[in-house]
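The same chain A turns up in both complexes below, where it pairs with chain B and then with chain C.
Moving on, here comes the complex of A and B:
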């Protein structure tokens, strides 16, 4: 390549003349100009559509605003109302339930699938199964919830039919408060487990074989190999999945909205649904305070997770 | 799924793994799970083709006795729910968002990966932190912003905030970082400025990544439900997920089969992209996790 050889020639030349450094200086200024120009749209997008709204959203929590009249500063009144609202309590409990149920279920299932795919099975099967479990990620959550609604129908749903065939009584999946949350979890995990599976698979493939071979020599059984080698080496991925999962629980909306509209009562209502409801009622300030509290909770939980991670997440370079 | 050319290519690199007795355990497990995962989609497809009266018959018939393709025609020409219009709206939004993101993310990813400039790392870190922010915080202020701009109930309200994507920048940057420096050095010596380097050299090299990002972005915009729910008011602006939920309010004969037909139609573009590029998408996600 002509340019390549030329650049090598220039770099090996001994000249250190002032004309060369002026050229470099101009080149660098042009570089910097280019760089800022190239990142400008993204930076603008970030400032206008992310940073700005986040700050505004946090600030709005201290106001009463209903669109028709101007925002009115009311200090902590929204938060007091939030703390006293029994429905908000229910939504909070739901969120805790969803967090534990969904994150753990998703993680365990993704791990099981990834380990199974990563085992000694033909490559064609690996790719085939990978594709099958990944595909649901691309399916619209709202649309597939409509399908699920029919599948989970108590009397005419096909799932209860099959359960009946093996002697289990009909389950009121989306009608009974005891069952709506598990149903939402099931539908949402169906949609999302493939993603975590891919992440874990990537992590598994990064674990060198000689570690397992050495363990075999030492007489380790499958479970020991898994808990002493696989899990620690996967801990960065697991950590990432848990953090992402908790953040994801707060964005849970489509499945419960379409399946049960938050019901019965508030049994399956999520934070985002509650916020949406306040928004629809034009209680902008109140809705913002819900968002504020949640943002705070996530921030605290995430920080705690990062701090605690030092004790169980094992990075290669330690 | 692997194509024949994929298979032959890999057979030369990877030793063939036979099915052994021990491998039957994972295979059985995976097969059962695969059946469970595919079941809702298969049922959706089969229900969409059934004779309306038999859609929810007990005991259920999995394989439709007669195939009624006209369910699809009926739902597309539904008198109360203009599905074609909704699909068109979704398509328009998805295409514009995807093109916009391709342009802005490529530009920014290249700069972050290939140009040294002051505060580069700090800026990038700040942008990354935005990925961790749950979307709910920004929804309401964004709505207020759009309202003050008079953009509520327009597709612009959905498109403009999505023209840039920090995730996309992150993803593409990973790919740009892998291109050897010598290529851009050589071009610089030949007198090319950054724009030329970017367009003529870099982009062709990361084309697979661009395709992948395009697909991920398109699918995300295509499936978006909460956004349209918040920003759109008049039903003629609605997107297809909203349309499908509207369909649910319709009763009468054929309602279920038509609903399933409509959902299938919404899933088909995604399926096409998936079959075309699933390995690349999976690869891109594995790469972007960049955990180590």
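Moving on, here comes the complex of A and C:
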């Protein structure tokens, strides 16, 4: 092959190589375009139905707006009013109470149920208990709250009737300020503990048995095995339950709304119920400011949780 | 890039899926959404209806059929607003619909929302239409006091076609057990307490039956206030004067407190009181005509009704149903024609037989088909007679323009009082203070509208 022919061969090879690169580049651009096209509906949905309303809501917090008339800019007046409203502090305290009460109670109960079901009981019995504890999750929270409202009625409810039969005085479950919050926690945990129980059960079943066998050989007792093996290895699940639980409880609405309507007074009212009340009274700007503050609280708490998690949550790749 | 044995690449599969999904999405869009704008000669009446088990757009089918037969170029479209959370939630839905630009022509607004709608110029007066229409079919047959209930500052904003009131429902088996006849129609508050005490029975320390179960929303408290000689929660033409500090107001709240804690004739709950009558847990309860549908379904007939007890004044509390025309209407003239079609006696009879309200027309209230929905048809006449007598005044439930605020403030303070966590005087003083603040923030121009 002479030089020209070699050169021609090289050019051809390079041309073929360039053509192949161009083809790959065009293919890649096409892939990218298709990828964006296929995720476009989700992105549009997020922008239109989530991000857009959130940003609009944050904006409305700086206006006085009753839906019927045009919005009027009032600066920070809604936030000043929120800071000065004694009811706002009461509902915030209630919400914090629910958060600690529900998350801790739910977690402990879910853990106890999962450990019990994961013990050496017949398989059919395991499945049975899983089903009955999970069942309340399948029922609407509002329907559950209505039924519990009848059960917990102070003077004509069946729970107080049976308590009376064993000599216990009627408890004003959903009437007295001292009892309404524990009653709401009880109903909400009863409704949702099954889901967390299933998560923890799945986590328990993923813990290798040889760890417990090794611990047995080393003479560890039940509590030591639980605290040194079970809990650390379950920490990702526990973390998820806590984060999800706190976010959910900070937005608690259904159970207290149906059970007690936030009463007596504001004794069982949550921040979200207070926000809803403001919307009902056509104080859209003020309600938006409450939503803004709630969003900020949830964001800060969630960030703190993620930062702190590095000290106690252990993942498989750690 | 993976290829299956038939030669379709993963990339091609994903492309095909994307195209197919987009095509399905486009196909799911109703054709009407893509259609051209309708012929200008066709008119659509948009009607807001509160959807619930006893009130729905289906009830209007015969009315729509007759109306569109007379007006072939007119169609009627119903838009549902949820009222399962009460009238407050219904108003919220309604206001949002109006604010969203939905061209609503007319719809149901109950008493609780009339002033709210008038204050915010959401509805228009009927007077120009009534002046040129023959309204004798209406005014000759409707109880005069009822016809005036949606009139503000001399202007008529609605023509009640049905209503509900408050009467006392008594369990006849319970009365028989304690050897009591039905009370007289002009019974007093003291007589009422006597009946409640007689009907309360105990099984050891437990109360097996309470004399009277009651609920405490504005519609439930107003009849006590009215019959104790007070205007309600608010006084003044524009309902601008909170009355919680009035001695007659305090007296009523003290009485309700005493029912529970002093006399022990009432349970400490106000959920589902009509069920307590049926179950025998209470000998008396309070309601309008609305329990009748549930009682018919449950085949419960052991009840009678009686006028509300009085303490000097005899007043019937009402909540009326009317179909105002909205100021957003694009077809107010045709909306008025539909109003007339829906307002006639035949239509109203159809509505009340399917629902749980009381007809505004005397002729319908005396119709055997309506009366026979009750075990004692003669007793059922009380529902209509309560608003059609010269010796009984008719008053609408307290409905200031800020009804939603009154509703929530009243619920808070009443629940604290009846939970025995605050005294009656203290609770009502706080209630008064909050309502004064609400009224103080009212726009000045609202005063002229009432």
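The rule is short, and it goes like this: the second predicted complex is superposed on the first by the 283 of 318 C-alpha atoms of A that agree within 3 Å, B and C clash if a C-alpha of one lies under 4 Å from a C-alpha of the other, contacts with A are read in each partner's own complex, and residues count from 1 in each chain.
The criterion applied here is as follows: contacts are C-beta pairs under 8 Å (C-beta built on N, C-alpha and C of every residue); 3 or more make two chains touch, one makes a residue touch a chain.
Model, not experiment: these values are computed from the prediction.
Colleague: Using the superposition on chain A, decide if chain B and chain C clash or fit.
Modeller: Aligned on chain A, chain C clashes with chain B.
Colleague: If you stack the two complexes on chain A, which partner ends up touching A:127: first (chain B), second (chain C), both, or neither?
Modeller: The answer is first: A:127 touches chain B but not chain C.
Colleague: Contacts for A:56 in the overlay, against chain B (first) and chain C (second): which applies, first, second, both or neither?
Modeller: After superposing on A, A:56 lies in contact with chain B but is clear of chain C.
Colleague: Name the contact category of A:38: first (chain B only), second (chain C only), both, or neither.
Modeller: Both: A:38 reaches chain B and chain C.
Colleague: Mind working out whether A:313 is in touch with chain B, chain C, both or neither, as first, second, both or neither?
Modeller: A:313 contacts neither chain B nor chain C.
Colleague: Between chain B and chain C, which makes contact with more of the residues in chain A?
Modeller: Touching more residues of chain A than the other partner does is B.
Colleague: Is A:91 touching anything from chain B or chain C once the two structures are fitted on A? First, second, both or neither.
Modeller: Neither partner.
Colleague: Check the residue A:266 against both partner chains and state whether it touches chain B (first), chain C (second), both, or neither.
Modeller: In the superposition, A:266 contacts chain C only.
Colleague: Of the two partner chains, chain B (first) and chain C (second), which one does A:279 touch, if any: first, second, both, or neither?
Modeller: Touch status of A:279: both partners.
Colleague: Mind working out whether A:161 is in touch with chain B, chain C, both or neither, as first, second, both or neither?
Modeller: both
Colleague: Once the shared chain is lined up, is A:199 touching chain B (first), chain C (second), both, or neither of them?
Modeller: After superposition on chain A, A:199 lies in contact with chain B alone.
Colleague: Please pick the stretch of chain B from 2-10, 74-82, 92-100 or 128-136 that overlaps chain C when the two structures are superposed.
Modeller: It is 74-82.
Colleague: Once the complexes are superposed, what residues of chain A are shared between the chain B interface and the chain C interface?
Modeller: In the superposed arrangement, which is not itself an observed complex, chain A uses residues 31, 34, 38, 41, 67, 150, 153, 156, 161, 279 for both chain B and chain C.
Colleague: In the complex, go through chain B and note every residue touching chain A.
Modeller: 1-2, 6-7, 10, 14, 16-20, 22-23, 26-27, 29-30, 33-34, 37-38, 40-41, 43-44, 47, 56, 58-60, 103-105, 107-108, 110-112, 115-118, 120, 123, 126-127, 130, 132-145, 147, 160-161, 163-166, 169, 182, 185-190, 193-195, 198, 219, 222-223, 225-226, 229-230, 240-241, 244-245, 248, 256, 259-260, 263, 266-267, 270-271, 273-274, 278-279, 281-282, 285-286, 289, 291-292
Colleague: Spell out the residues on chain A that touch chain B in their complex, using ranges where they run on.
Modeller: 1-4, 6-7, 10, 30-32, 34-36, 38-39, 41-46, 48-54, 56-58, 60, 67, 112-113, 115-117, 119-125, 127-136, 138-144, 146-148, 150-151, 153, 156, 158, 161, 190, 195, 198-199, 201-203, 206, 236-237, 240, 243, 247, 250-251, 253-254, 258, 271-272, 275-276, 279, 284, 287-288, 291-292, 294-295, 298, 302, 315-316
Colleague: Can you list the chain A residues touching chain C in their complex?
Modeller: Result: residues 31, 34, 37-38, 41, 67-69, 149-150, 153-157, 161, 164, 172, 175-177, 261-266, 277, 279-282 of chain A touch chain C.
Colleague: Could you please specify the touching residues of chain C with respect to chain A in the complex?
Modeller: Per the touch definition, chain C meets chain A at residues 11, 14-15, 18, 25, 88-89, 92, 95-96, 98-99, 120, 122, 205-207, 210, 267-269, 271-272, 276, 281, 402, 404-405, 408, 411-413, 415-416, 418-419, 421-422.
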